[in-house]
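This report refers to the structure that appears directly beneath it.
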Amino acid sequence: METEHMQAIALADNISSHTAEAMLLAAESKAIELNVKMNIAIVDIGGNLKAFRRMDGAWLGSIDIACRKARTARLFDMPTGAIGELSQPGGSLFNIEHSNGGLISFPGGLPVVNDHGTVVGAIGVSGSTVEDDRVVAEAAVQAVTEACV
Amino acid sequence: METEHMQAIALADNISSHTAEAMLLAAESKAIELNVKMNIAIVDIGGNLKAFRRMDGAWLGSIDIACRKARTARLFDMPTGAIGELSQPGGSLFNIEHSNGGLISFPGGLPVVNDHGTVVGAIGVSGSTVEDDRVVAEAAVQAVTEACV
Amino acid sequence: METEHMQAIALADNISSHTAEAMLLAAESKAIELNVKMNIAIVDIGGNLKAFRRMDGAWLGSIDIACRKARTARLFDMPTGAIGELSQPGGSLFNIEHSNGGLISFPGGLPVVNDHGTVVGAIGVSGSTVEDDRVVAEAAVQAVTEACV
Amino acid sequence: METEHMQAIALADNISSHTAEAMLLAAESKAIELNVKMNIAIVDIGGNLKAFRRMDGAWLGSIDIACRKARTARLFDMPTGAIGELSQPGGSLFNIEHSNGGLISFPGGLPVVNDHGTVVGAIGVSGSTVEDDRVVAEAAVQAVTEACV
């Protein structure tokens, strides 16, 4: 059954090609539903690129942003938007974006956590409003980490 | 029919998500046949990343090499190995690898040419010997550019 | 006696491996006490990396930040947080983070000063709140620069 | 017993702080035996820096080389010297050093393989002849991967 299968994915200790493909498909489905064109990047437990897809017509500038969002989310094991809240002028992490060769700190990057609570990778989505980007990333994460009772 | 469908792909004026996906699948099938683990990158007519896949267990260092092979092949509209023959010590393009943020000039990168003879993108494959890399890249290009009468 | 030994360390004109090791241990002890997981970097009088340790489970993105905090603190011989106060929008050092290949200007980096008042190196700590980062860095500096009568 | 302990280290699925520390100590002991001064870098399964130590008086230029050797060995799961044999003028991987932000392809970098045959990290050593560098790296790898019956 689909539900059990997806739960099995979540138990792995890294993001497999199988999981990455499921995430790309879920993200793309949500993007089509929202009528937006996205760049979608998946990184593994080490923050290294595992899979990438650019939908036809999606912004070229979002290739790099999607990859950096995914990497940023894994580097700090949190949604990219959470970092952005702390990196504003006067905030405790002001200008953290200068580290690690350039971070992206607005929404659209999310860590992927397995059933043991370990971060095993992340996804980055870019191509529309940051709200749309975030929604699409969430759809991908949910597809591989939640049992749909 | 599959043959006609693939020919239709080849007529396009850029690499679509559809074409890129067909190339990833063909490359992966050939890699499985050869029992090797590959990183596969596809760039579009502008040399920008369109799709990427890293097979489970493939070298991490080949992420970057696959992407650079694809980009190099599109930047000069020729197989990466052809550049490497000219970039040896004493050769006419000695150290061209320093340009464009870093080229890769050994085999595994191939341009994708449509039915009108226009280069519309490229593929880069890395993860085994350069000979295996080249064979896998060729399988992907053939899948979308040749009618198999 | 421990006290005299530590004072001896402080008299040196550069950060030795011995001193660096003592700093790593003191930082790690404080991190364990605070129940946080840190990246800890030590640079010498030339601002060059002398020692580094990433505690198990610490953020991957803090590798680079810890190293940059240490380097920033030595480059300007002051706590990184002091630079951050001056680099805010409208401040006298606005966007100084763009210099030197990328600075980090929030707390967690501290210079190490010997008994003659000379800066001989610095430490950078990253992995938790900037307040925790600062406290852990201070524990390491105190371990090698203060006689605990 | 020490033997069993070391074997246990080898079974882990990533390089822990404990393992990294044991490697640094074994490398440093061998370096002292050879009367050389080394930079020693350890990266984890994702190729990210886990631990670093520069012996007093070791070359500053070897900080970067040790780090790149460790990273290179993990990126391609082989000794750095093996890459160098293939990257000579006329070789199949000529100028591969331009990839991944800069590789080091002479001896001194070695992958760390656990009991299941999985590469879980790597070490890079730099500070003397490449032969000395290699010998010191080997001592560190042996310390954590071989049972000393």
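Letters A, B, C and D mark the chains in the order given here, with residues in each chain numbered from 1 onward.
Operating definition for what follows: contacts are C-beta pairs under 8 Å (C-beta built on N, C-alpha and C of every residue); 3 or more make two chains touch, one makes a residue touch a chain.
Note that the coordinates shown come from a computational prediction; the quantities given were computed from them, not determined experimentally.
Asks: Using the stated contact rule, I'd like to know whether C-D or A-C comes out ahead in C-beta pair count.
Replies: So, comparing the two chain pairs, more contacts are at A-C.
Asks: Centroid from C-alpha atoms only, then distance subunit A to subunit C, rounded to Å. What do you get?
Replies: Distance between chain centres: 32 Å.
Asks: In whole angstrom, what separates the CA-based centres of subunit C and subunit D?
Replies: 26
Asks: At least two partner chains per residue is the criterion; list those residues in subunit D.
Replies: Counting only residues that touch two or more other chains, subunit D contributes 44, 46-48.
Asks: Answer with line, ring, star, complete or other to describe the graph linking chains that touch.
Replies: Contact map by chain: other.
Asks: If you look only at subunit D, which of its residues touch subunit A in the complex?
Replies: 13, 44-48
Asks: Report the residues of subunit D in contact with subunit B in the complex, numbered from low to high.
Replies: Spelled out, the residues of subunit D in touch with subunit B are 46-47, 72, 74-77, 89-90, 92-96, 98-101, 103.
Asks: Can you check the complex and tell me which residues of subunit D touch subunit C?
Replies: It comes out as residues 16-17, 20, 44, 46, 48-56, 60, 63.
Asks: Which subunit B residues qualify as touching subunit D in the complex?
Replies: Spelled out, the residues of subunit B in touch with subunit D are 59-62, 64-65, 68, 84, 87-89, 95, 97-98, 102-107, 129-131.
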